[in-house]
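Read through the structure below, which is laid out as structure tokens, and then see the notes.
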Amino acid sequence: MISKLQHRRSGRTIWFAMSVAATLCCASVVVAQTSPISTGPVDPQLIEDLVAANRILADQGVLDGWGHVSVRHPRDPNRYLLSRSRAPELIDAEDIMEFDLDSNPVDAKGRSLYTERFIHGEICKARPDVIAIVHTHAPALIPFGISKVPLKPVYLRSAFIAAGIPVFEIRERAGMTDMLIRDHTLGRALADALASHPAALMRGHGAVIVGPSLQRVVGRSIFLPLNATLQMQAAALGGPITYLDPEEARKIEEREGYGLGRAWEAWKRKAMAKH
Amino acid sequence: MISKLQHRRSGRTIWFAMSVAATLCCASVVVAQTSPISTGPVDPQLIEDLVAANRILADQGVLDGWGHVSVRHPRDPNRYLLSRSRAPELIDAEDIMEFDLDSNPVDAKGRSLYTERFIHGEICKARPDVIAIVHTHAPALIPFGISKVPLKPVYLRSAFIAAGIPVFEIRERAGMTDMLIRDHTLGRALADALASHPAALMRGHGAVIVGPSLQRVVGRSIFLPLNATLQMQAAALGGPITYLDPEEARKIEEREGYGLGRAWEAWKRKAMAKH
Amino acid sequence: MISKLQHRRSGRTIWFAMSVAATLCCASVVVAQTSPISTGPVDPQLIEDLVAANRILADQGVLDGWGHVSVRHPRDPNRYLLSRSRAPELIDAEDIMEFDLDSNPVDAKGRSLYTERFIHGEICKARPDVIAIVHTHAPALIPFGISKVPLKPVYLRSAFIAAGIPVFEIRERAGMTDMLIRDHTLGRALADALASHPAALMRGHGAVIVGPSLQRVVGRSIFLPLNATLQMQAAALGGPITYLDPEEARKIEEREGYGLGRAWEAWKRKAMAKH
Amino acid sequence: MISKLQHRRSGRTIWFAMSVAATLCCASVVVAQTSPISTGPVDPQLIEDLVAANRILADQGVLDGWGHVSVRHPRDPNRYLLSRSRAPELIDAEDIMEFDLDSNPVDAKGRSLYTERFIHGEICKARPDVIAIVHTHAPALIPFGISKVPLKPVYLRSAFIAAGIPVFEIRERAGMTDMLIRDHTLGRALADALASHPAALMRGHGAVIVGPSLQRVVGRSIFLPLNATLQMQAAALGGPITYLDPEEARKIEEREGYGLGRAWEAWKRKAMAKH
């Protein structure tokens, strides 16, 4: 626990350093926080990837009509990109908006916003290493969030689970709520539970999954529910289960991005052909 | 039990009050009950929504060829709208018919009718708060109807289950039958079992699900079977399950409609693109 | 057992009576059994229904590349119609061939035949009440064929299971084989196991399902595996299961065909749109 | 164990005999092993079948973005054909490359290669009877690879399982790794575990499946995971399971190829229609 806190503290130090330039040139944002100034146009390729990430995860059954995907702004770590309030499978480039880390939109143009956008802002604040974030309600994750059985890695592609997948129990932080991450306080509580892990289950709700790139977080979002299904099946078969060894997981994680582009090409082609 | 009866009685009081105007202008209906007079054309948007509700639930695997969806007439609480006897995925606007609460069609034009339309008429009579009704044979619900394990809410989107989902055992009311709701008496028996609940399982048959709008009843019809599947999986994992707390469920229900339009847009686009 | 035998004997009596005319005009068949004379063209609507039955069951996941569907010839109970050796989802009207009850093709035109066509011929001989026959490898049926747990009716649409679904153990009749129904002897052994039942599981192989019409046998072929899945899920939930009462099943069966046309329309539209 | 080693030794003897001609005319390959000379163009029908095998197995859910299929060169047993590094569902004829048995490409043309191509080269060396090889991550196989429950044949089409499906535990051969078959040594270790069997599970990773033709290995790759699912379901039902008898399995295997063409036609039509 101490080492995690230290990790997070050092993380924050890095983040403060990284964001100095951005903070200086965005001083006015602090004054008029509800209407921050845009950092300027983003590489269309990144927007295309963010649209693809949404549609891939909808096509793979990972995102229902309420999930979302964000990516940190490539030129300003104090900003992130996220769609207006829309079902992931319908998102187009024009739906992507820029937010500051307090989850205020740069230029809402009257568009409605995801209620739970604070998930993205608060995790971006707490985790400078994180570039992309997925909030999902993938069905296979729910049984693990509501039971006492921990998710453990049983499959090569879900080796990141070896880092531990905590369960966020919103009751412990906020008592009885409607369970949505509706504000900064709840967003921070979720970020605290996530700590330095690659994902956190949200009891009775879903999960948040983070990663160092859009491709990595999309891969993790596909393989976390798959691992859950496989673990349920292996448990039902009975007898001892051989999980990935922490050393195996570490070696796989070092190369986790390796070859992701091959699957991404197929996932994207299939998902984008739908509309 | 007493409180339920009281609730239903007060419900009926409200309903009598609500339907005074309609009853006055529909007096002739009582005389010629088998051929009631039409209340007049309905907003085409409502018809489109009813068609979409049928096709969405077929596309989502909730309705097979024999399920149906009704909506109460917007200008006359003594009438409801329901398709002629047709598989939900094939229904078009021209298939929608008007029925009185004794489930007589206003203008059958020789079209065949759902045998079990009495489900809709009798629940409309007993539950003035109900605007839309789904009758489903969703497979995931059958195991709960035939076992003694009660459905309980494990997932945010199915918080309405906290109000209790009774099981309708037709044998207790009518002995050995072919299990279809073929007349007013069986329809009333089902409405009695439903009481003030959002849904009732029908043993060995399926369920009836009700709601205050088409969008709400479609959402409930998708998340009731999903909750059933998740609860079965969590039970198989073993150990204690954390269900939604009644207070959490109440807070979620207050806002259940919030954001449903976002999923509805995606569900509808997908379902309507099929034909 | 005695009543079953009596039933089958009386069935055979009926069949002998029914087929007198046909037998008289087909006397030459006995002489040149390997090349029987055609009974003449069949109503194209029946051929279309047989093609649709094949494609529907493929589309519904009931038939893989090796399943088949037959229908008795409408004018000659000593003949049946069956496709040449082809995967069900690819069958067209021109693939349908006429066979005598010894499973000799009327006019093979060099086309290859299903190895297991003897299933159809021998059941047609033994069961004059049967009009249509499906041979399936539906996955959900396999676990019941290889375990000691009997299939029992848990769902309205599978009430026919109440008549009992025997398991055909080919070892008891023929020792160690390649498990295919390759000849008359094996076909007769299967027909014996089926006796007067609506279906028989074939251990480690699949099932044969029969009915009084194509629509009925298609319905039964969809709901037999569905019942198997639901029964497995209910068993996993634990505790006592409420099966259909024999009296309920009898009343449902009296009307089993009722409303099948509604689902057939949707199944057919979906399946035929694929090619 | 002794008989297996003997079998493999005699297998190698056959292979050395078979490949004498090829080895003689390919002597230069030994010198410049990283750039072997092409054996010349291959029958376009074989290339088409290899492309179809990739797409069929992707369409059937057996191959994800990282699986692969190879076939031995028809004129040179020292060569095999395999796609460049690409997701199976996207593979076209131009993606197919020729490799020597050390898994060096004949003419890479700058194309990237599958990291785990050594699976194919080393099994081709060790198993002269093998013509086609599949490497899969089919989800249903993972639970058996990580538990102690052995896969056993429960279904006619998976009779080849009776020959035994060993589990390859990479830790026993190489300690803690990233679990990929990255070189000749690991490829040989996997081939050793496979020995003379038709398939080997790879713990926490997937499986390798081999066969005497592309059609056979595709069939085995579809029915191995299906058998896994059926066995899990039968185990969950409880009680004793009737597996295929070794004699039944032997008789089925003698004819395993029988009728595969019928399913292949349907599988291929469906898979190729996707792009």
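Every chain is named by a letter (A, B, C and D) in the order it is written, and numbering of its residues begins at 1.
Throughout what follows, contacts are C-beta pairs under 8 Å (C-beta built on N, C-alpha and C of every residue); 3 or more make two chains touch, one makes a residue touch a chain.
As the structure is a prediction and not an experimental result, all values here were calculated from the model.
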| item | value |
| --- | --- |
| Path length in steps (a step moves to a chain that is touched) from chain B to chain D | 2 |
| Approximate Å spacing (C-alpha centroids) for the pair chain C, chain D | 36 |
| Chain C, residues touching no fewer than two other chains | 236 |
| Full enumeration of touching chain pairs | A-B, A-D, B-C, C-D |
| Residue numbers on chain D that touch chain A, as the complex places them | 58, 64-66, 85-90, 115, 137, 139-140, 142-144, 146-149, 169, 171, 176-180, 203-206, 232, 235-236 |
| Contacting residues of chain B [partner chain A, same complex] | 153-157, 226, 229-230, 233-234, 236-245, 247-248, 251-252, 254-255, 258-259, 262-267, 269-270 |
